Structures are given as C-alpha cells and as structure tokens.
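Have a look at the structure below, then the notes.
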C-alpha cells in the first residue's frame, strides 16, 4: 500500500515540480546576465492563465491535433513510474520498462507533437518539425549509446541497479566510463532541453526549432504541451542526477519523512545542475544550424570512449 | 610486471589518466584554433607526467619520479612555449580550409580507438595476459598513434603537423610508462632531449617556410611533382 | 690498432672539421678541413671490415664494431670522400656568398659524422636517436639553397621521415617489452641481447615489432610506398648533398632492418619478415620503374633510381641466405660508388645549362667531352649492365632469389630491371644524341679537375669491381652472413 502511494507521489512530484525547475532556470539565466528575471512561480501562473483561455482549432486540423498534447502529457506521466525519482528501490510497475523503454516513451511524445505540427498544414509547423527531427536524428544515436554504456557499466538495464552500483562502489563512480558518460549526457541534456548552444527560445518564428511546432495551439491544449515539455526537462534532469551524477539523497524506506527529504534533495541537486546549465549557456553563443553536429559529434565520441573504457575495466 | 597486478583503485586511477590524455588528443583533433591544439598538448603532457608519477608511486620506481618531473617540465612547459613562439610569428590563427569537417574527423577518430581496442585485446590474448591495464595501455598507445597520423593527414597547417608528430611521441611514451616502467633511465632522458632538438629544428624551418614560401600551409607546397 | 682507438679517431676527424671550421669561418680553410677529414675517414675506414670480422663491443656494450657495421661505414667513407672532392668546385659556383661555405662544410662534416656513428651503435634505442639526428642535420643541408622549392623539399623530408621513424620507435618499444618477458624489467636492449632472447620472446611481439620497424626505417631507406620524400629531398639539395643522401644515408637506415631481420630469424619466425621485405622491394622496383619512364627532371631521375636500388637491396636481404647477403653487400658498395658519380654529372649539367629539366640539356658530348663520357658510362653502370660492378651484384641477388621460395619476385625483378635499363638510357640518349638547340644560356663552370677526379675514381672502381670479385671480401661477406645467423 505504501509503495503504491509512493509511486503516485513520484508522478505527482514530477507534475507539480517541473514548472518550478523551469522557473528557476529562466530566472537565474536572466540574473546571470544582470537582469531582474521573472519570478520563480511564473510558469505556474502561465499555465493557470492558459487553462482559462479559449480553445481555437484550425479548420485544417484532424484528430491528431487533439490527441497529440494528450499523448505527450500521458507519456511524460508514464516515465516517472520507471525511474528513481524519490525512492531508490523499485516501486510497483517500475519494471514496466527499463532504461531503453523509458527513452522510447519519451521519444513517443515528441513524435506525436511532430505529427501535430505537420497536421495543420502551416509553414512554420513544417519548419519546426523538420528541424526537430534533424536534431533528433543526430541526438538519438548518442542517447542510445549512452544507455548502452550505462548498461555495460552496470551489467543490468534497470536504473535502480545503476544507482545502487554507483553509491556502493566509488571506484566505479570515478572510473573514466562513468565520467565520460556524464559528459556525454550533459551535452544531450543541453540539446534536448533546448539550451545554448542549440537554442530556440526566441519570438522570431523563422529561428524557432521546437516552438514552431506549437504555434497553432491555444488554451488548455497549449498548456498541456508546455507542461509536457517542462516535465520532459524534469525527467531528463532526474535521469542525469539520480542515475548518473548524484545518486545520493533518495529515500530508502519510503516513509513520508523520507519522501519529504527526497524532495528537498531534489531541490538541491537540480539547483546545482541548473546552475551548471546556466553557466554553460551564459558562456556560449548560439551555433549555426549546420554546426549542430559538432557538439553532438563530441558527445558521440565521449560515449564511444566510455564504452571502450568500460571494456577494459 | 607491474601492470598485471594492481589494486582496483590504482587501476581506476591509471585508466582515468590514460583516457584523459586520449581525450586531450581528441580535443586537438576536433578544434580548429592552433592555440587550442597547443594547450591541449600541454594538458596531455601534464597528464602523462602525472601518470609517470603514479606508476612510480605504485611500483616503487624512484627514478620514474625524475622522469615524471622532466616530462612535466620539458614536454609540458618548454615544448608548448617553443610552439607558442612559432605561433606568434604566424599570420594564421586557425585552419581555414580543412579537408574534412571536425565532426567527421572526430567520428573517424572514434573508429580508430575501437580498432586499436580490438588489436590490443587480440595482442593481450596472444600474450596470455588478462590484465585490463595492459589492454588499456596498448589501446591508448595505438590510438594516439592513429590519431597523430590522422592529424598529419587531415590538417594542412605546419603547426598541426608538428603537434601531430609530438602526439605520436607522446603515445609511445605513455605506453612505455605503463608497460615497461623499468626501461633504462638514460634512454628515456635522451629521447626527451632529442625531442627538444627536433622541435627547435622545426621552429627554424617554419621561419624559413614563412620567409621563402610566404605561408606555412601545405596547400602552398605544390611546386615539386612527379 | 685497438678497436676503441680506431673508432675514436674515425669520429674525431669529422668532429674536428666541424669545430675548427665553425671557429675559423674561412671558406678556403673549411674546404681543406673537410677534404682532410674525408681522406682521414677513408683511410681509417678502409681496413675496418677486414679487421673486425669478429664483433667487438665497446663502451659498456653501447657500441659494436662488427663486419656489417664496418662495411656500411666503409660505404659512407667512400661517398664522403668523393663528395668532399666534388663539393669544392660545385659549391664555389653554387653558393650565394663566401660566408655560406663554412656553414655548409660544418653541416656536411657533421652529417658525415652522424652517419659514421649510426651503423656502429649496439643499443637499439640509441640507434633510433642516431637516425633521428641524421635526419635533423641533413634537413638543413637539403634546404641549403633557401629558395621555395628547397624549403618545400626540406619540410616534406623532415615531416615524413620523422613521423615514419616514430613507427620504428613504437616497434622498438614493443621489442623491449617482449624482451622484458625474458630478461625482467630492466636490461639493456642491444642487438645481441635481442638475438639471444628471441627464441623465448612471444612471437606476436617479434613479428609486430619487426613490421613496425620495417615500415619505420623503411621510410628512411626510401622503400615504396614510404618513399614520397625521397625524390624531393634528393633533387633539391646541392649535388654533393644528394650524393651523400643517396649513397650513404639510405644504407645506414638499412642496417637497422637487417639486424632486426637476424633477430626474427634466430627465433625461427623468419617467413613473414622475409616476405614483407620481398614485397616492399618489388613494390619499390615497380614505383621506381614507372617514375623513371616519364621523368622530366634530371636529379629526380637519379632519386628514383635510388628507390629502385634500395628495392634491389631489400630483395637481396629478403631472399636471404649467404648468396643473397653477399650480393646485397656487394650491391651496397657498388651503389655507393655509382650513385655519387651520377649526381656529380647531373650537378655539372645543371650548372652549365642553368636548368634542372632534361629537355634543356642537349648536346652533352660537345659541352662535356671527358666528364660526359664518364657520366654516360655511369648511367650504363647504374642500370646494371656489364662490365660494371652492379651487374655482378644484381646477378648474385637474382641467383639467390631463383632458388628460394620467392622465385616470382626474382622474375619480376628481372623484367623491371630491363625496363629501367631501357627507360633510363632513353633519357641519356636524348641528352647526348638528341637535336641540339641554340646555345642560349650556357654558364661557364670552373674547377674541372675537382669535378672530373671523383667521377673518374668512382668509374674506375666500378669497372674493377665489375670484372673482379675480390676473394678476400668473401670472408667478410660470410662473416656478415654468420653474424646475421645464416647457415652457409
């Protein structure tokens, strides 16, 4: 019984805390550049506003238009069941999918949003979808390679086993396999959460990559899409911290006190990673589109080196 | 042989330093700015010097401390300073026209590392050694050789060629530190000084290249054919 | 005279020439110092192979004076003497200023010194360093004329050869590692300790080390496909430097390969190394033949002929056996006599006609009655025609290959040598018997005696050696063969 409650608490934590993470990143991005920055709770206010607005649907839309935000949101609700968010022991239904399965479910959400972008027939939707897919073509193999590296390192495909391994044996933590996987995943994190040097948060439509896909949406559906992208960011941070970088600070027994402590631990860990991301973003400028392959080739290289290093561990 | 019997923490440390130097070789392969090459080479030499000191500590070879210190001093400080002096005279700061884009070069480099791993595993099998540090040392040695030759082939600036040759030598040095730490001290010292003399000669030749041909890029060296 | 005194004097002579020449900085003095050191080196080197058929180690085992090393030292000494005589007249014409000459002769003597050191080194690591030093010194000699082509040639030379011999260093390191399985962590890596340890070393390390050393030092020897620096470097330096590079330096690098071949033979894993040498030798012959046919520039023609002859040497050592080794040694000496002769004639022609292209050189009989005849005989000699010495040595190598497992290589060698003979002499036919153009730019050149003397000496020696294989040398050759572990 307690395990089921813990599982629900995990999903709720992801749903409720992801806008806070987005708010933190946006605020401190501004503050690093000596601006004032929006409030930490601004994303909540934006979502609330969008839920009360009127829904407009283009004439050319089909059932894909309605279902894509739902699919994306649902996919983002599913993945927290599979990964260690608050507890470091497997909870009910967490063996529904392993690391690879989690990655595939994340990609499912993105795929449906791409379809929806093409569905309305607007030009900007097409641009956004094609650019997103191009970056996905470059980034997905690296994601798979990183998962392969993690699996080879731990001889298991479950994230919980990796977590226990890293906590128990410091020499695995400090081995080059692990450190290079951290570096490769960090580049992927920057890519997937749309941070510099692969950046598209601009209001000029021609420069947009992912936002161009959702230009036709409004009202609650837009709120669902925005929320699901924030949740994707939160999930990627969770995988980065709890499976790779900082596997400590998870609740061992699943009590309410333990869960509260885990939430506090999440706050601290994600704040650290977000500060690193803000640091990288402030130090870089945006790359030309044709040069997106370069940081991704470097991540590919790091993943290959990690696998090679693992074979001779 | 030292490499065959090591505690896990020592093995982890060795592999961290060795693969760190390999990563520096990739930084050299993937960047276009000549100053970045030189800094990556200096970092690589420091890592290899640190590796020498670690081998000396775990194996009890006291003369390797001297070798480590001299490596850090000469390969890590003096050689990069000499190359910096050459760089300051050049009128280019980066590779302008490259044969292959940096991302393709990085992927080819990754393929070279995998090939070196396969060769090293076969070699260790043939020798009957099942130590992972031996395979690691052989892999890093062979892959730094291959990456050095990649740099010589795919880059056209004179500084890149010089640094490619230095990476070749660094690779051999790294391998010998792990596999043959008992190598006579005199040979290692003379090799080090020989490298210094070679780089000094390179420096003089680059100056002549600038004076008589006007550029250090190998795209300009097309007068002798047939 | 004891071995150590002999070797010390041998090295002292060029060292003195370097130091005194740089100290005094007078052109005439430098010329005579260099010539004197060359004569001294020749006088000291001539009895060396006959005196030390049984090896003697010096300096705690770092040096070895044996028949193979002494024979190569003799070849170096011959080329040094001939080039020093020729350089006097050539450099007076070629140098831009008198002040350049002392530097040139100092570098020249230093280069000769480094080539005299390398074959006598016993420690494999120090041998590598000696080869690297010869590269560094000769680069500045190749680039001596300080124009765009020379700098390009010098740069290509140093980059290609340095990266090539780094492969040889990797091979040496792997061999040291293999030896450490037998001897323990710290031991001195010399040729003799390797031969002793070879049967117990892991065979994969032996073969891998040999192949790496073959490719590495093969770059320095000029075996194809690692020969790409050779035509540039040998054609752009002044003629005496080209003669030294072709006639002497390539041999010193070959010594390392041959000594290592003996190590793998001692271990009983000799098939792959011998096959690799034979394949590289055949490929060098092919490349040399192809580029000789279509050559335009006279010194590049000579350089490709060097590639061809190094291929023949590789074939000689690759075929192995007492006959192959004797043939290869005789070939080394004859090549060291013939190649400088060719480069000197080419130098004369270049300075007279003011151009490097053979199309510009016509009517050689009229311009050079005496030295032209000698040059033509030299061309006939280098392509392996009787009655000159190269015919005998190439025939011996063919004999060695015919009876062995690599008969196909001997057949290919025969065909290619005939092709090279035809192509090479075709160029000379055009130069000597072709139509004469207007005598537009003929520069008068001086110092005829200095120029003709070394050519005549070389040709005379070639003729004698072609008609008479000295029987006393056979003991030297069989001593070399025994030292390399070959059963007679």
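By written order: A, B and C. Residues from 1 in each chain.
Keep in mind that, in the parts below, a residue touches a chain if its C-beta (ideal position, glycine included) is under 8 Å from a C-beta of that chain, and two chains touch if they have at least 3 such contacts.
Note that the coordinates shown come from a computational prediction; the quantities given were computed from them, not determined experimentally.
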Each chain counted as touching subunit A and subunit C at once: B
Winner on C-beta contact pairs when B-C is weighed against A-B: B-C
Innermost chain by mean C-alpha position: B
From subunit A, the most remote chain by mean C-alpha position: C
Whole-Å gap separating subunit A and subunit C, where each centre is the average of the chain's CA atoms: 66
Inter-centroid spacing, subunit C versus subunit B (mean Cα positions, whole Å): 31
Centroid spacing, where centroids are CA-atom means, of subunit A and subunit B in whole angstrom: 38
Interface residues, subunit A side, partner subunit B - complex: 171, 174-176, 179-180, 293-294, 296-298, 300-302, 304-305, 308-309, 311-313
Complex interface listing, subunit C residues touching subunit B: 123, 125-126, 129, 132-133, 136, 139-140, 143, 146-156, 158-159, 162-163, 166-167, 169-170, 173, 176-177, 180, 184-186, 188-189, 202, 204-205, 208, 231-232, 235-236, 291, 294-297, 300
Parts of subunit B lying in touch with subunit A, wherever the complex brings them together: 8-9, 11-12, 15-16, 19-20, 22-23, 26, 30, 101-104, 106-107, 109-110, 113-114, 117, 120-121, 132-133, 135-136, 139
Residues of subunit B that touch subunit C when the two form their complex: 1, 123, 126-127, 141, 145, 148-149, 152, 158, 161, 164-165, 168-169, 171-172, 175-176, 179-184, 187, 190-191, 194, 197-198, 201-202, 204-205, 208-209, 212-213, 221, 223-224, 226
